[in-house]
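Structure incoming, see below.
Residue numbering begins at 1 within each chain, and the chains themselves are lettered A, B, C and D in the order written.
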Amino acid sequence: MSETSPARPASAASSAAFSKSEMMIVAAARELAGQRVCFVGVGLPNIAVNLAQRTVAPDLELVYEAGVFGARPARLPLSIGDPTIVTGATAVVSMYELFSFYLQGGLVDVGFLGAAQVDRFGNINTTVIGPYDHPKTRLPGSGGACEIAINARQVFVIMRQSARSFVKAIDFRTSPGNLGGAEQAERIRREGGWLGRGPSVVVTDLGIWHFDEDGEMRLDSLHPGATVEEVRATVGWQPRISDGLTATPAPTPEELRLIREELDPAGAYTR
Amino acid sequence: MTTSKVASMRDAIADLVRDGDTVAIEGFTHLISFAAGHEIVRQGRRDLTLARMTPDLIYDQMIAGGVARKLVFSWLGNPGVGGLGAIRRRIETGEPTPLEVEEYSHFGMVGRYTAGAANLPFYPIRSYFESDLPAANPRIREIESPYGDGKVYAVPPLKPDVTIVHAQRADAAGNTQVWGLLGCQKEAAFAADRVIVVVEELVDEAVVRADPNRTIIPGLIVDAVVVEPFGAHPSYVQGAYDRDNRFYLDWDGITRDEDSLQAWLREWVYDLDGRPAYLEKLGAERVASLRPTAPAPSGVVDYGQYR
Amino acid sequence: MTTSKVASMRDAIADLVRDGDTVAIEGFTHLISFAAGHEIVRQGRRDLTLARMTPDLIYDQMIAGGVARKLVFSWLGNPGVGGLGAIRRRIETGEPTPLEVEEYSHFGMVGRYTAGAANLPFYPIRSYFESDLPAANPRIREIESPYGDGKVYAVPPLKPDVTIVHAQRADAAGNTQVWGLLGCQKEAAFAADRVIVVVEELVDEAVVRADPNRTIIPGLIVDAVVVEPFGAHPSYVQGAYDRDNRFYLDWDGITRDEDSLQAWLREWVYDLDGRPAYLEKLGAERVASLRPTAPAPSGVVDYGQYR
Amino acid sequence: MSETSPARPASAASSAAFSKSEMMIVAAARELAGQRVCFVGVGLPNIAVNLAQRTVAPDLELVYEAGVFGARPARLPLSIGDPTIVTGATAVVSMYELFSFYLQGGLVDVGFLGAAQVDRFGNINTTVIGPYDHPKTRLPGSGGACEIAINARQVFVIMRQSARSFVKAIDFRTSPGNLGGAEQAERIRREGGWLGRGPSVVVTDLGIWHFDEDGEMRLDSLHPGATVEEVRATVGWQPRISDGLTATPAPTPEELRLIREELDPAGAYTR
């Protein structure tokens, strides 16, 4: 197994070398095995779901936040509102209809979220760094994330991990995860009639985290080239590491070929 | 109603957009009326409240142009690329003046326009539970179900003074048809006191009447129809031109620095007198490069004559 | 998802409609699935709750056929003609058994389906003020705006066990397209646990994908696709056949008397084994007389290829 | 001025004779002068608004309850959901959109209502005769009437009058009119934020009633052939008769021609 390489190798599909971004995309795609309907936002989730459709989840149905169901993009769009996801789609609907009937109506099995900050319970901040009224950094905000976190049956988080992003306490809770732990989260979801069961996986550039019975993240798989020390150094709390920690299988040549030749030949997502 | 509502962009903005107004230029990545935004900047409107789900490049440009005192939104960024410098600087530094923000989620904004369009005092949604958003924005409120089965959240109606939308086509009375992404334009238009429709193509009413299910905005609520081909560039119009992704990528550099942003505004907004000059400056080659690679016809359906 | 959901009407009703279910056959004068209603009668379903804005001839026939214990509705009649005898007799005399009724206004029923489709605990509307309807139906309740600006009324979600709609066309996966009057079919379908789509024409998915804005119901929520041309007669299908007004006028006489109604049911439902037999009995001339007098094509729009 | 004739005369447009129904339709159409947007239900309102469009209100825009705006019916439909109102219309929309954005959104100037019973204040019953739980006669119910009464800027009532329909107390209030009188109705409308100002005219087969400052019906015009005695005999209360009671001008030859030759050649509405 080769070392992870930060830059994309010159001779793409034939090489077993791969970037951290490629590993993250491949790991996220594999997690979609067995899922049926996925709500797709902008960025990395977009390439991950398209890869999953071509590999582990051929029947995966995509709901694009922009109001498109059954898209067949001829190219991978930069924005989720690209014309290529409309032409040839099964249905194009208003955002009212998308959020009301598809998402809140309970048709979405998996919602993908990114995050600027996440805590050990999978609560997510995409709003501000610093105080809300005088932010140090103003982030994009919720978009659809808050309602996705509550209404999608489960949530997949995909993000690069660092001491700035994996924090003990997030500055603003944009989207609820497991709140203060599983017991509290389950009670509140039950009492509030939420459809969502909360986050089920966090895929990063270093590994794969699932949530244990306490509702806390646990590192279950380490990507090739990453070390537990590196993981500890990029987490703002004492992270739980699985007793049965496994090594994430490296991307297969076919997975790499699909990313590099079909999905993202310009390398927009995988730089 | 055969009275024509066709107007120039200059006249439509002069007549219908006033200092202090709440203005919504809607369109979710698709059909964003950059042409109207630029004309508002050129005419020097002030103290606007700008509402939009995704404030995007157009509001970054308008806010750099000094037209706004407040922003109402749900997602702030250059999708797939990065940030919006003018807006971030106003929020983070309060310079040159603070920018008031009123923030929701996407579904919250859609609900607000829907309540505005339907004259409802609130719109209920299943969002905001256990989020810090209701604390940041006290206009997001809990509401108890009258059936004893718990609470949801309510958002208040949003009724813009003016909503501006771009569309593929309309007739002179303002009956407007759109295909491709629909966003929340219908709701934002019905919610507004005044509506400006900007179109790629003015068509005879017979074209509209041939396919009445395609109409998203009736002329009944439209005040002006502006014919401005390519008026949505660098956003796109399904079937007419592609999103100019190169411009969105370029914007990341332009917006990082206030001087470069103001230089861009001078060059592309203040020093031009309208969209035709903008297109000439953009160049025929760039324009041609954005055309679809091939047609993708919808097919025809038959409504049938019944006499 | 290339699995075909195409089924015969007999199998679709046998598999998906169960005794005691809440069933909604929707369609506002347009696209009413009489074929499905007749099959439910033929298969002898019992104790159904029948929901529909306008119970119309089809529910008069089904209630005469003994399938229902309850009716949920907003307008009860033969529009432009008169009454519905079987339903009126059940309500006025309680014979042979009382028919429970749960009554709303049109907008109330639309709001109920919308709440059902959107998983909302209620839907707020500006109706019912100073009307006796909330007293007659205690499920219509007041709700206070959380913004201190008064009250509106709420209706509870309606989530049918089965919604049945007729449409011009669908593909084998159930992606369904409709033009002409849309009624509340979309909301009723999304609100339901199971959905049966009955179509004039089964089309290749390429036909659907050529015009994705025309799709009102995605295959995702569809359980069965039944191909039953003329299955909406005596109601109509825009572009395919006209409303058979003669039948609606004739019904006034048939429904006035329980014996004549039961005789009609025997002749047109029990003694036939399905829609093809019904059409044969109706006769080619009657069918031909209902065709549109001329085509009225929608025109083509271009979505554009983007590679 | 000729006598009103119950049956349609054989030689239609040339004759000055006309039926009571024709007079009622013509009188209702004339009331629409100056109105802009009218919400159309089934039956007599349908022919009245179509006549108004061709005579006193050429700019009148029609919103059909079935979800059609800007209809141009090639024939007058039996039902309001006829295919002829769809082909060639300006917009066809869902009933959600029609009721939410057109009606409740405040775009409708005039809503037409029929009634089985009306009281002196214009409150309307279309639900039951007798008690609700054990009705003597089950009527159609509200349909859109209740929300039309509340959200249309003003309401026109069109109905034949008789001792059974013009009653002292209606059996069920389906749609609110002026409640117990103008003062109470205006207070409740103001406090409740209603868009509607309530009923403004009742057109019958005998005359035209407007509402006075007390919110009560007042006979302002008597149709040709009708008498005040006949009016009193068909009203279940002591009716107010205008001091300046006028005679409704008979239908003009052009109005009759439009009804008989263009709008209703089969006589479906005017029998």
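Just so we're on the same page, contacts are C-beta pairs under 8 Å (C-beta built on N, C-alpha and C of every residue); 3 or more make two chains touch, one makes a residue touch a chain.
Here the structure is a predicted model, which is why all the values come from computation and not from measurement.
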Pair with more cross-chain C-beta pairs in contact, given A-C and A-B: A-B
Where chain A and chain C are represented by their mean Cα positions, the distance between them in whole Å: 41
Whole-Å separation of chain centres (CA-atom averages), chain C against chain D: 29
Computed distance of Cα centres, chain D from chain A, in Å: 59
Multi-chain contact sites of chain B, meaning residues that touch two or more partners: 114, 119-121, 125-126, 149-150, 179-180, 182, 186-187, 210, 213, 238-239, 242, 292, 296, 303-307
In chain A, residues with contacts to at least two other chains: 68, 82-83, 86-88, 92-93, 100, 104, 151, 193, 195
Complete list of chain pairs which touch one another: A-B, A-C, B-C, B-D, C-D
Chain B residues within the chain A interface of the complex: 28-30, 53-54, 73-77, 79-81, 83, 87-88, 91-92, 103-107, 110, 114, 125-133, 136, 149-151, 179-184, 186-187, 236, 238-239, 242-243, 245, 248, 292, 296
Chain C-facing residues of chain D, complex: 42-43, 65-68, 77-83, 86-88, 92-96, 99-100, 103-104, 127, 132, 135-147, 150-151, 172-176, 179, 188, 191-195
Residues on chain A engaged by chain C in the complex (per definition of touch): 37, 59, 61, 68-70, 72, 74-75, 82-84, 86-93, 97, 100-101, 104-107, 151, 193, 195
Residue ranges of chain C in contact with chain A within the complex: 1, 114, 117-121, 175, 186-187, 190, 205, 208-210, 212-213, 215, 218-221, 303-307
Residue ranges of chain C in contact with chain B within the complex: 119-126, 141-143, 145-147, 149-150, 152, 154, 156, 168, 179-180, 182, 207, 210-211, 213-214, 238-240, 242, 292-307
